[in-house]
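You will see subunit A twice below: alongside subunit B first, and alongside subunit C after that.
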Partner chain A sequence: MPPSTRIECDVLVVGGGMAGATAALAARDGGARVVLVRKAPGSTGLSGGAVSVAQDPGCMPDTPFAARAGVVESARRIAATRPGHPYRLLRDRLDRLWNAVEFATGQMSEVLAPPSGRNRWLLTPFGHAHAAAACHRSMAAGDLAEVRGTLVVCGFEGHLGWDPGLIASGAVRVRALGGPTPRAVLLDLFRWEEGALGRPFDLARLLEAPGAAEEAGRVLRRALQRGDAAAVLPAVLGIDPATRVPERIAAEAGIPVAEILSDLPSVPGLRFHRAIEARLAAAGVEVLQGEVRSGAGPDLPAAVGGREVLARSWVLASGRFVGGGIERRGELRESVLGLPVLASEGPFADPSVRFAARPPASLTLRDSRAPQPLLAAGLRVDDELHPLDAEGRVLHPRIFAAGAVVGGHDPSSDGTGMGVAMFTGWLAGRSAAGRGA
Partner chain B sequence: MSKVRSYAWLAWRAAVSHPLRAIGRRGTGEERFLASYAVERLAPTGLDVRAAAQAASACISCGLCESGCAMRAAIPAVRDLGLHAAFRLISKSDEMLARSGDALAACTTCTGCETLCPTGVPITRLVRLLSARSVDLDAPRRAPPGEPR
Partner chain C sequence: MAGADRDHAYDVVVLGGGVNGAGLARDCAMRGLSVLLLEKQDLACGASGASSGMIHGGIRYMTSDRRVTESASRDAGYIRRIAPHLTFRIPFLLPFATHEEGSRLLDRVAWYATEVYVGTYDLFQPLKGGKPSVRLSADELYRIEPSLRPGLHGAVTLDEWGIDGQRLCLLNALSAAHHGADVRTWTEAESLVREGGRVVAVRFRDAVTGEHGEARAGVVVNATGGWSPRFGRSNGFQVPMRPGKGVHLSLDRRHGNYGIICTAVDGRQMFLMPHEMESIIGTTDDDFFGDPDDLDATADEVEYLVDGAASLVPSIRQARITRAWWGVRTTLFEYGVEEDDLSRDHRILDHAAEGSAGLLSFVGGKLASYRAQSEELADRVVAMLGKGVLPCRTHEVPLPGGDEVPSPAELAARHGIPEPVAARLVFRHGSRAREVLRVADDDPRMKLVLCRDEGILAAEVAWIARHEKVRRLQDLRRRCRLALGGCGGLDCARPAAQIVARELGWDADRLRAELADLLEVGWRERRPVLDGWQLAEEELLRAVHRGLGGL
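Now for the complex of A and B:
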């Protein structure tokens, strides 16, 4: 291979979601030369817009607004009750969790509102209240615990699969728990061709255009009544935060305007992805698109899309099933280095059980609220985030794992996904750059 | 007693009736499939289609590909369906495929979608295969098959 294709660096980060980006930026912050390899946006690109770090396990589900435990205190309670959770593993360093969250959200400050230390309660498209330590700037005014009066749940006429009435009727449950009174309003704003319907990315682009958000604000103002305290709209208020769509609507409507969390396809997810790309470029992290093909670890060259990367330390932030960090080909495997996948809690936590090769049906439980062994499957790591092999030994002192590839938590349901990504990414990035934690 | 009778019937079919019919057959399997099913607008599932269906099954319907689709803004048919919905037709009925022909034909193969797919679905390849397949499906409608071969 000609020498120009070889890149030498201090830290190679595999994966470009929240964990990988936080690790790369933390390592860069520590003065390391960092290369980040990623094949696609990863599951952060599918995020609904909430940064879920921890919600108080003691106050769910019937009294969400009674949760006055701060985010870090909630994480401590999770660490106390969930034996396999990464927070439990890192419990001696949980006092640094907030440093990690502030670092990561600060890096994304163009998109993310600064976190306050207490959870915001944001409405989901299914009418639930979801706890988020931080959220997109466009969502901050929709905190259900802060809105006093009527919450106007808006939709746009012709928005495919969006029914504000349904969301408002879901939000009535939140009202019984101390939330605002919801009221549904359909804004007739867009002219569609015969029979056509709008999808999220189209709506977001249309609203970015000059005059469109102002028109939306005027239509909203005409629909307002006495006692309306805030309006929440679908998460389509512009892809680029610099177009200031929510602010423009709010200025015309004369009422605080926020997006609610998104389902898929997710405009906030794309916004997140673009913010990460922009921040990595600005920080001087070299980003390579492609998959790590060959590469056994630190000090050995890894082939990535025609380039060769030689790194002193590796951070594995390749994600879980969506990101492709964990695959099932006959049995569960970690896809980059072929590490064993282990259960961290539940009936298969005993290392003598060959968890990865078990039939898939035995890894899911019929009770949908029970912890699902399959969804929490991942790498087992030690308290310095070194991946462990099948015998429980450290694989290599300069390989670290971060984010969803680390097992023991279920990013899809336990409300700690972004928090684990930021915390483990921050710790792994600092360790890989040689700064320790 | 009925069990014995059914097994005897199956054995007769396997040992006598099917081999006898096989002697009288003409043409390849694909030709015979088309002779029987082209009027119902069904196309045979070849190895390439099966491989494509396997690749499409990695789709998690996240819709990120749509944000990178250059034609999406211009073609209402793609917009209504969603790009991921369009290429997922690979495992759906051919009737639906025929109706999405316009959307599939609008693809400029810019590959903007593929770099955004978290699970690495080869979207451009699938769309190309599907549009070829939807053209195939139109053929029997224009020229109905003649006498069975």
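Now for the complex of A and C:
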């Protein structure tokens, strides 16, 4: 291999989602030379616009928004009750959680609104109110904890993808907690046009076009009534934030306008993915596209898409099943370095149980709402984020893990996915660059 | 539907909305009898919906039950006549395999015997419009199916017909309703009412509305399949049966264009076959002593099936399995016989001697022979009622949509929808695809393709909700395979639910409850097969439905 293809660096980050990007940017912030390898958009690129860090597990369902614990306090409560959760492992450093969230959201400030320390309550297409520490700028005006008066919940007359009545039901359910009164309306948009049968990305492109958002704003203004305080629309308000679709609609309508969260396919996910790419480039992180082949860890060359990378430290931020960092082909394994996949809590955490080799049905429970050990599977780490083997020994002092590849949390049920990604990414990036937390 | 038929009197009350119950209801209604069909869940929720999806002639039973093979083949021909849109040809390969290098004389004798056996089956093929078998050399075999393991010595082909078993059931029920029958799904028969050694009425409960009712009946026919023994026990009669659990696996795509007959580790015959948009591996057959309402596929059953298919198609180990599904066969009772050797024949039991005159039970039978079985049952019902009726015409009157098979290309061009979607529409609805597309002509928004996996159009969901006896969202699993494909309902379950809610007047809470129920059923089927990319799909499904949906 010719020497020109070899890159020497301080930190190699594997994975380009929220955890990997945060790790790379944190290491770069400390002056390290950073190479980031990633093969494809993972779960961050499919996310719906919420930055979920911690919901308050101690509150009752009828606890008003204003009386709920702040995000960090909620994370402490999770740490106190969930023995295998990454927040528990890092409990002595949870006072730094907010530094990590502020760092990561600050790095992504083109897309993300600054967090306040308390959860925002955002509507989803399913008629659910979802708690998130931060969200896209385009969504902040739809925070149910902030809107006073009537919230206009919009669907599109010409497109069957969203049902404003269903979306609004999520606000009805939490109105007594301090939320606004929702009113569902169908905006006369996308009717009979070619775009009426489009996927969300097509609709977002249509709204980006000159004049289109303004026209949408005028349609919205005609639907407004006295007392309407803000309006939320499906999450198709432009892919590129620079096209300022929500702002243009709001200016014409004369009312704050926000997107609700998105399911799949996700316009906010694509928007976020692109913003991460742009930020990494601006920060001077070298991004390589491809898979790590024949990599054995720090101080040994790793082959990536025809290049050879030699790094002092590694951060594995390769995700879980969607990202591809953990896979199961008959047995569970970590896919880059072949590290052991272990359960972090519950009966399967006993080393005498061969967690990774058990049949899938035995690692799940029949009630889908119950915690599912298989879907929380990942690496077990110590409080420095070093992956551990089955005996609890550190595998390598300069390999760190961050994000969903770390086991013990099920983002779908505990709502800590982005928070874990930001916190572990920030800590791992700093450690890998030789800075203590 | 609500309350109108409460305390109504019927000539015949049919219990069970499987293919036999629905077929009987159709036959009786077409003969002019008044009919009530009660099904505690949805149509085709039991063995009929969990069948392999074939109206095969039963080559396996040719030596033991030649009569079964003949009647199945003849009836398969009738089904192709009354529902031509719902059937499709599946050419099967019966490869000649040895476990060692080269072939021994014994192997060659066995292959010759197979050829002769299949050649005998060819005699039945004209009855069901199948093609005669062909002997393939090894070269020819690998040319048409390169995924087969090396070292095979050729094969013999076998022509069978695939079908959508769930829609076959549905079409019979719809036809029955068209001829005046009352069809009540999600309505459970709770008890039988007797007067002087005679069953005279059925008490039932509607699971959706919670209301109770009673229907008087000239004859009651128990066609509750795997639930029969339990229903009999709690209602004072006996239904002897050897229930057998059968499990199938679905792959995310068609693995090939030929069905392949394999031998499982215990020597049983099993298959890997293309079916609609997926491939199916089946099936297990084990005595089942549990509760038919509480079934799951086990890790053993999944491994048994994958292993058997991989013995001839090794790459199946890399394939993505999307779900496991199961049902309980209602084979006739016999003691001291292996499951596979149990007769696939059927029997009609008259419970008069147990103090239940006017009550019949149906046990056993095959999907392919459902129509003949229904005819035989209806003849018995008519004899018991002693009424003058019209003759049986179920073999010649098309099922709904079966009168014509429109060209998908023509429909696609005329209505501006993708041709593959039109093809799925024609497959499921036959001539009624035109009616479905009229919905889209009236409201162009309805041309939205909700599911690209199964080719489900918004118009189809709306039309089904209006015309196909939908009471729960999960009924759409069996009407148009909603949330059944590789997507698991990832981006189509919610918009489909929204359309059904609009058609049926559900509020947001009901919509969310129905969606949660649909997704829970899917989770049960995916749990035993979470591996490879299917696990990534599960992570996405969970993130969307549980994380974002709060379901």
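Throughout what follows, the second predicted complex is superposed on the first by the 418 of 437 C-alpha atoms of A that agree within 3 Å, B and C clash if a C-alpha of one lies under 4 Å from a C-alpha of the other, contacts with A are read in each partner's own complex, and residues count from 1 in each chain.
The working rule: a residue touches a chain if its C-beta (ideal position, glycine included) is under 8 Å from a C-beta of that chain, and two chains touch if they have at least 3 such contacts.
None of the values given here were measured: they were computed from a predicted structure.
Student: Just from the overlay, do subunit B and subunit C fit on subunit A, or is there a clash?
Tutor: clash
Student: Should A:41 be classified as contacting the first partner (subunit B), the second (subunit C), both, or neither?
Tutor: A:41 sits against subunit B, while subunit C stays out of touch.
Student: Have a look and say if subunit B or subunit C is in touch with more residues of subunit A.
Tutor: C
Student: In the superposed arrangement, does A:134 touch subunit B (first), subunit C (second), both or neither?
Tutor: neither
Student: Could you look at A:166 and tell me whether it touches subunit B, subunit C, both or neither (first, second, both, neither)?
Tutor: A:166 sits against subunit C, while subunit B stays out of touch.
Student: Examine A:415 and indicate which partner it touches, taking first as subunit B and second as subunit C; both and neither are also allowed.
Tutor: The second partner, subunit C, only.
Student: Taking the superposition as given, does A:261 touch the first partner, subunit B, the second, subunit C, both, or neither?
Tutor: A:261 contacts subunit C only, not subunit B.
Student: Based on the superposed arrangement, let me know which partner A:362 touches: subunit B (first), subunit C (second), both, or neither?
Tutor: A:362 contacts subunit C only, not subunit B.
Student: In the superposed arrangement, which partner chain does A:202 touch: subunit B (first), subunit C (second), both, or neither?
Tutor: Touch status of A:202: first partner only.
Student: Who does A:216 touch here: subunit B (first), subunit C (second), both, or neither?
Tutor: neither
Student: With both complexes overlaid on chain A, does A:126 touch subunit B (first), subunit C (second), both or neither?
Tutor: After superposing on A, A:126 lies in contact with subunit C but is clear of subunit B.
Student: Given 113-121, 185-193, 293-301 or 437-445, which one is the stretch of subunit C whose C-alpha atoms run into subunit B?
Tutor: The one stretch of subunit C in steric conflict with subunit B is 113-121.
Student: Output the subunit A positions appearing in both contact lists, the one against subunit B and the one against subunit C.
Tutor: Touching subunit B in the first complex and subunit C in the second, residues 43, 46, 160, 196-197, 264-265, 322, 324 of subunit A appear in both lists.
Student: Can you list the subunit B residues touching subunit A in their complex?
Tutor: So the residues of subunit B in touch with subunit A come to 60-64, 66-67, 72-73, 76, 79-80, 82, 115-120.
Student: In their shared complex, at which residues does subunit A touch subunit C?
Tutor: Those residues of subunit A that touch subunit C are 43, 46, 48, 52, 124-130, 158-163, 165-166, 168-170, 172, 192, 196-197, 261, 263-265, 320-322, 324, 327-330, 359-362, 364, 366, 368-369, 372, 374-375, 410-413, 415, 417.
Student: Given the complex with subunit B, which residues does subunit A contribute to the contact?
Tutor: Against subunit B, subunit A makes touches at 39-43, 45-46, 160, 193, 195-202, 205, 239, 264-266, 269-270, 273, 289, 322-324.
Student: Which residues of subunit C touch subunit A in their complex?
Tutor: Those residues of subunit C that touch subunit A are 296-299, 302-303, 444-449, 458, 490-491, 494-495, 498-499, 501-502, 507-509, 511-512, 515, 519-520, 523-524, 527-532, 535-536, 538-540, 542-551.
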